[in-house]
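Lettered A, B, C and D in written order, each chain numbered from 1.
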Amino acid sequence: MTASLVALVAHVGLLLLLPPLLLGVINKTKAWFAGRRGPPLLQAYYDLARLFRKEMVFSETTTWMFRAGPIVTASAVLLAGMLAPFGAFDAPVRFTGDLVLFAYLLALGRFFTTAAALDTGSAFEGMGAAREVSFACLAEVALFTAFVVLVRFSGALSLTPMLHAPAQAELHGLPAAALVLVGVALFVVLLAESARVPIDDPNTHLELTMIHEVMVLDHSGPLFGLVLYAQAVKMFLLSSVLLHLALPFASGRPPLDGLVFVAGTLAVAVAIGVVESVMARLRLHYVPSLLIASGVLCAFGFVLTLAR
Amino acid sequence: MVNAIPLPLGLVLVATATIAASGLPGYVRSPVDAASQRLATALNLLGSMLGALGLVLFVRAGDAQTAMLGELPIGRLAVSLDGLSALFLVPMLVVSALGSLYGCEYWHAAQVPGGGRRLRLCWGIMTAAMMGVVLARDAILFLVAWEAMALAAFFLIATGEERPEVRRAAWVYLVATHAGSLCLVAFFALLARATGSFDLWPSLPGDARGGLVTAVFALGIAGFGLKAGLVPLHVWLPGAHANAPSHVSALLSGVLLKTGVYGIVRVCGLLPEPPVWWGGALLGIGVLSAVLGMALAVAQQDLKRLLAYSSIENVGIIAIGVGLSAIGRSLGRADLVALGLGGALLHVLNHSVFKPLLFLVAGSVLHATGTRRLASLGGLARSMPRTFAAFALGAVAICGLPPLNGFASELLLYLGLLRAAGADSPHALAWAGAAAPALALTGALALAAFVKVAGIAFCGTARTPQSVHAHDPGHTMLAAMAAFGLACIGLGLAPAGVLPLLQPAIEAWQPALANTGPWLADLVPFARVSQMSVGLVLLVALAAALTLRRSRAGAPVVTWDCGYARPTPRMQYVDSSFSETLVGLFDWALRTRRSLPQASGLFPSESRFESEVPDAVLDRVVMPLLASADRRLLPVRALQRGPVQAYLLYVFLIVVVLLTVAR
Amino acid sequence: MLLLALIALPIVLAGVARLLASDRQRAWMLPVCAAGHLTLTGFAVRQPETSTFGGWLALDPPGRIVLLLLTVLFAVCAVYAVGYLRYRQELSNRVFVPCLLIFLAMTSLVVCSQHLGLMWVAVEAATLTTAPLIYFNRTQRSIEATWKYLLVGSVGIALALLGSFFLAYASLGENPSLLFGDLLQRAGRMNRSWLEVAFVLLLVGYGTKMGLAPMHTWKPDAYGEAPGVVGALLAGGLTNCAFLALVRVFHVCEAAGAGEYARRLLLFFGILSIAVAAVFMVGQRDFKRMLAYSSVEHMGILVLGVGLGGAGVFAALLHMLNNGLTKGVLFLSAANIHRAFDSKSIDEVRGAMRRVPLSGTFFLLGFFAITGSPPFGVFVSEFLLLSRAFAAEQYAVGAAFLLLLLLVFVGMGRTVLAMVQGVPSVEAGRTRYRDGLLTGVPVVLSLALVLLLGVHVPAPLEEMLREAAGYLGATP
Amino acid sequence: MLRLTAVNALVVGVLLLNLFMLGTSRIRALIQAAALQGVALGVMPLLLIGHAGWYAGLIAVATVLLKGSLIPSMLRRALREAHIKREVEPLIGFVPTMLLGAAGTLLSIALASELPLEPQHRDLLVVPASFSTVVTGFLLLTTRIKAITQAIGYLVLENGIFIFGMLLVDALPFFVEIGVLLDLFVGIFVVSIIIHHINREFASLDTRRLAALKE
């Protein structure tokens, strides 16, 4: 009882507090590559705090949909966080098919973010929304193909056992190869879903080329804070999912596992930072090809599991 | 030889009769008499109440009930109420009643030519006929009800026949439905030959195989698929749905298509262990319909056409479920049967809630602005807030997003497909798992399509004066929409509520499940889903309270357009540009017609860009084929041009031929 | 005696009508005669098979059905004709009415005659009496139609005579006779090769009168130009008499053991007729010609049914009733529309359901009925026929049948909908004609009958049908 | 024996008349030939049936009367009323029609030889004659333009059939024969009326004018 309570508290705590740190890590990495000192690690936390104190400005064209956007997105993402296992720890909420709910909660967020963007009636934000929904179609395919492979691999229909399977099974031969392919694909999905290079560039200043940032141009104050926060949480969740494939490790001892998990997520963040530093942003009409490629990787993984 | 009719079935039959007669009052009193219209609606509601009561009693009693009402020249008036029929009756009763309520204002007798009494008559007949279709237990009776339904639907679609495009849509529908009916005639004739009687629904001997059974299956799928609108048999669907009055579209999409689904389910149940390829084929068709249907929907620029194509997608999803259950049936995987059929049937119910809702919303928009073209709407969220709320509910639900009802059925299907791909299932079966990503793709496409509608038609600023001065409809129409919206929420928060309907339906299809299980309730964590949905709602409320209540808002300003201070409505993103990327991805199937602007010289003159997506099958395959056939047949006409001498020569020649060659 | 009365009554009344002075009174002779004929038929079909004149006149089971159809259809058309003639007062009906009555007499004679020669005489006579009816409108077009009808019809019927002679010759021997009874008795000893030639000639001959392709060429012209009421009587009456003659001959052939050969020919003509009709119906702009082709199609269905044998014969006989009555609906309502728009081309005729609601609606319903939509009777017979095709393992025939039905539906539907839907253009011939009681009730009545046959075939009628099918050696 | 030769002689005459009718270019001559054929047909039953029953005689009289005089006179009247050129106008030339007629005759002889005849008819030429006459009728019907020539073609066709009827003259009851004759008569009568109207409406008997009704 108490153990599970502790686990719950720990889970919620990580879920609420860790995500902004990832942004800091990424920026640090990029700064290090660029030979700058860069903003402090906790810069994201400062920004959020400041935003939540600011007042909001609304365009006169907007309706409740505009306000609903960030709120629903943030809630959906946080709820999804309750379904994902963190490292060796089980998710507080587990049931058959929670992986579907996980994916669909992210989709719900997308629905309201894009609708809110269009609510402003701005051509740029419409552009961003269009790109978001279009690329998401391909990302979803990749994500679910990855799920199919993992289900085939683990035989489980719930995120926790499914993602813990690689740690328990001894890995060799085709299944391992399948997992590698899926891991790569999931990394691409992670980049796409959390709007990072090479799919999107969070700190470009040319609206014409943005995807996610351009959708939230009009948000301000706490709402904008929610947007940033939700984005960070999303990235954190996806990287924690990816982590189970990249680092299938579970010692029986909770403190150690917890440490491993935090380190792992930060490592993913570093990886993202590295990618952002060494790669340029893709031209927009190459993005679909990249996402389709990740889907194809998963399909190969599926075939490999068949050939088992 | 009429035997005693059990009460629930009797109630349903009375309901059928009441609804069938609901259109008659308009013919005894003056056509433009609103009172007779209200009477018709009252009769519809009364019938639905009786039917619902009957269904409740049936669910209580739980066992199938049959009755014999008399004889036909061939065949008998045999009816029966089993789990499957009961489940399909629900949408009929609901949509018919609420639709006719909506019609009271939307198609007000005093404002439409002829008082719309033909519409009301056919409305009642069509609903009753559809109830007859699911109740019929005799092939001939089934065909009679089927055709009555089809013809009534034709008259409903042709309501606005003074407009040529309506006539064309009705005509395409008529040809399609007749082709389907002929397929079914052949289907039942062959079935009778195989079983030796017209009783429905027979179970062919387990070892029955070979050409005859294959022909039966193919004809059944073709006949019912034409009605259900499976790709590539969907040709009639978009035009009909777009051009019919909106509450009729709701009835068509919400219920009529489902009769086709009903037939497909029954066809798959003909064999105790059908060949695996039956289910496989159905699964494939389902995937094709779902993906192509939604891709076409994304590309549409007409609100109601978009909704129509999304109906094709939903029928495709349902077909995926039925196919999966058929596979499970042939491989003896009870869990797949339960999940596949359960998901399909639950989606039947869900789709008959949120699709009518969306069509009624479209009707209100059409009513208020007079146009269905997305690009000439905009900003309706401000001018018709209640309608927008209803639309948002429907849109979230139809995208299968939690916490609304679309999610539950898709969850069942995902579970089934993933189980098929599970570690312990053979490779051949695992391929069924490949449908899961397809399902995800359609979900994402649906999201794109409905975000597009929400954004282009409702959000932003008005593009035309009509949409500036638009206003919410009156209470009657709002009430109908509200009822559907509440149903979306209710089914979303407590999907377990329909288990008493689902479980008997599945058992009616696969009786073995009744005693062995597994039961749907054990396979799906309905309780968890409800908890999470409620949790989501609470979380949103909390977040809203935290962010909005205790934070100040400054004076409203114009939208930030990167420094451009004077944005005009014409600068907003329009639908075709919104879907441009996706249409590009699917261009291999959609083949968009584009007319590119000619810009030449240093100061190019004004020019326009237009693009439209024709139907992949109707405009690209069927129509050209027919045209060429016409051209081919024309020369034959010369035979009837001859002088009388030529005619006499024909007689002479045929005699000679028969006496010399043909002996 | 009763049979003699059936034939004599119309002739007598024809004489009376000829003597009457006023056109109005003369028109009323038609319903009078129809009523008498109806009652007489009522008695005739009840009483057991009676033969008079040494078996020359008798009412065999198939005959009963044709007679029933004939008299009902005539009754309907008679009432209609009164209204029609009232509208066409400018034309005298001194020829029209007597010819109609004699036509009734001659067709009744065909039905009752049990003698090959006598039957031929009656059919030829009926053909000749219809010539003036087709020429009623006294226009160039109508005279052309009459000429073609007369020539093609007479030539065909002449072939039938030759065929009858051959049949007689095939059974030549001790005391030769052309009575069907005797022919059936000595069928076993008939000479095969004569028999087959005879059947070919009779098939072509009576097939010409039925309007089987490729001998159907007179049909569109005649039906197109004749008054609608005449068209109804030709399509529902005379053609069925020819069919009856054909069935009787086929019966003899079957008894003589040439049934297989005969069936092959019937199947061939059946499919060919349906196909030709379908091809010519697609894109047909003249709706009366379209109805003519529809008649060709259904004659094809009749012989197809007989050719399939077994339950097919029952189906064919039932289909004869359904088709006859439905043709009544279609021709009469089409005639009303024709008068309301003063045109029979769909280029001018639009929105009939708005200008003449009753006729327009019933024309549409008649179209659904004739294309075999349940719950109308045609559906029942066509469904039975299809089942028989499958039961006889004739899957190809069944498939072709269905495909052609679809083609027919498409061809016919395009024309029909173009007529009844839409808004009538203002300049399209505004005539004073509107639906009236005399021209409306018959249409409604006959469609009601078709519907009745679809939902419930009265027990005595079904008994008669079974009897007839059994008489023709087929057990339904 | 003598009877047989006589009959055959008549039959040969009929055959020659057929060829003549196909060859002649004058309508009057055509009508004459048809009438002659009719007379020949009238005589035939008397020769065929030894025991000249009373009704054989009656039929003979009726036939001669109708086919020989009444019908031809009607046709002549129709011709007189219609003030038109007296030439037969063929769609294809006279020679081809004659050749076709010859071919038809051969064909009919072949067909007739296929069909087994009763012993008493073995050495009669009646059957081929009737067939070839029928063919001739058809040729006249299909290759001649004027309405009246077509009427004559129909008459000849009937003659051909009638010739075959000779074989059954004692099988066919009396008033069927009469009925057949009567029908033929009425038929030609109606046809000549129609011809009259055609002439009035179109001012010619050219059936090519009758081309308004078509697809």
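Everything below uses one rule, namely that contacts are C-beta pairs under 8 Å (C-beta built on N, C-alpha and C of every residue); 3 or more make two chains touch, one makes a residue touch a chain.
What you are looking at is a predicted structure, and each value in this text was computed from that prediction instead of being measured.
Asker: Give the fewest steps needed to get from chain A to chain D, where each step moves from one chain to a chain it touches.
Answerer: So the least number of steps between the two chains is 2.
Asker: From the centre of chain C, which other chain's Cα mean sits the farthest off?
Answerer: A
Asker: Considering A-B alongside C-D, which chain pair is linked by more C-beta pairs in contact?
Answerer: Answer to which pair has more contacts is A-B.
Asker: Between chain C and chain D, what distance separates the C-alpha centroids? Give it in angstrom.
Answerer: That pair's centroid distance is 31 Å.
Asker: Chain A to chain B: how many Å between their CA centres?
Answerer: So the centre of chain A lies 36 Å away from the centre of chain B.
Asker: Could you put a whole-Å number on the gap between the CA centroids of chain A and chain C?
Answerer: The answer is 78 Å.
Asker: Hey, how far is the Cα centre of chain B from the one of chain C, in Å?
Answerer: 44
Asker: Which parts of chain B, given as residue numbers and ranges, touch two or more other chains?
Answerer: 637, 640, 644, 646, 648, 659
Asker: Indicate the residues of chain D shared as contacts by at least two other chains.
Answerer: Counting only residues that touch two or more other chains, chain D contributes 138, 141, 150, 207, 210-211, 215.
Asker: Specify, in ascending order, the residues of chain C that touch 2 or more different other chains.
Answerer: Residues 147-148, 151, 155, 197, 220, 280 of chain C each touch two or more of the other chains.
Asker: What chain-chain pairs meet the touch criterion?
Answerer: Pairs flagged as touching, ordered by label: A-B, B-C, B-D, C-D.
Asker: Could you pull out which chain D residues touch chain B in their complex?
Answerer: Per the touch definition, chain D meets chain B at residues 91, 111, 138, 141-145, 150, 207-208, 210-211, 214-215.
Asker: Using the touch rule from the top, collect the residues of chain B that touch chain C in their complex.
Answerer: Residues 71-74, 140, 143-144, 146-148, 151, 158, 161-162, 164, 167, 170-171, 174-175, 178-179, 181-182, 185-186, 189-190, 192-193, 630, 633-634, 636-637, 639-640, 642, 644, 646-648, 650-651, 654-655, 658-659, 662-663.
Asker: Which stretch or stretches of chain C touch chain D in the complex?
Answerer: Touch list, chain C to chain D: 115, 117-118, 120-121, 124-125, 128, 131-132, 135, 140-141, 143-148, 150-151, 154-155, 158, 161-162, 165-166, 168-169, 172, 176-178, 191, 193-194, 197, 220-221, 224-225, 280, 289.
Asker: For chain A, which residues are in contact with chain B within the complex?
Answerer: Residue list for chain A touching chain B: 52, 55-63, 65, 67-68, 70-72, 74-76, 78-79, 93, 95-98, 100-101, 103-105, 107-108, 110-111, 114-115, 117-124, 126-127, 129-131, 133-134, 136-141, 143-145, 147-148, 151-155, 157, 207, 217-218, 221-223, 226, 288, 295, 302, 305-306.
Asker: Along chain B, where are the residues that touch chain D in the complex?
Answerer: 637-638, 640-641, 643-646, 648-649, 652, 659
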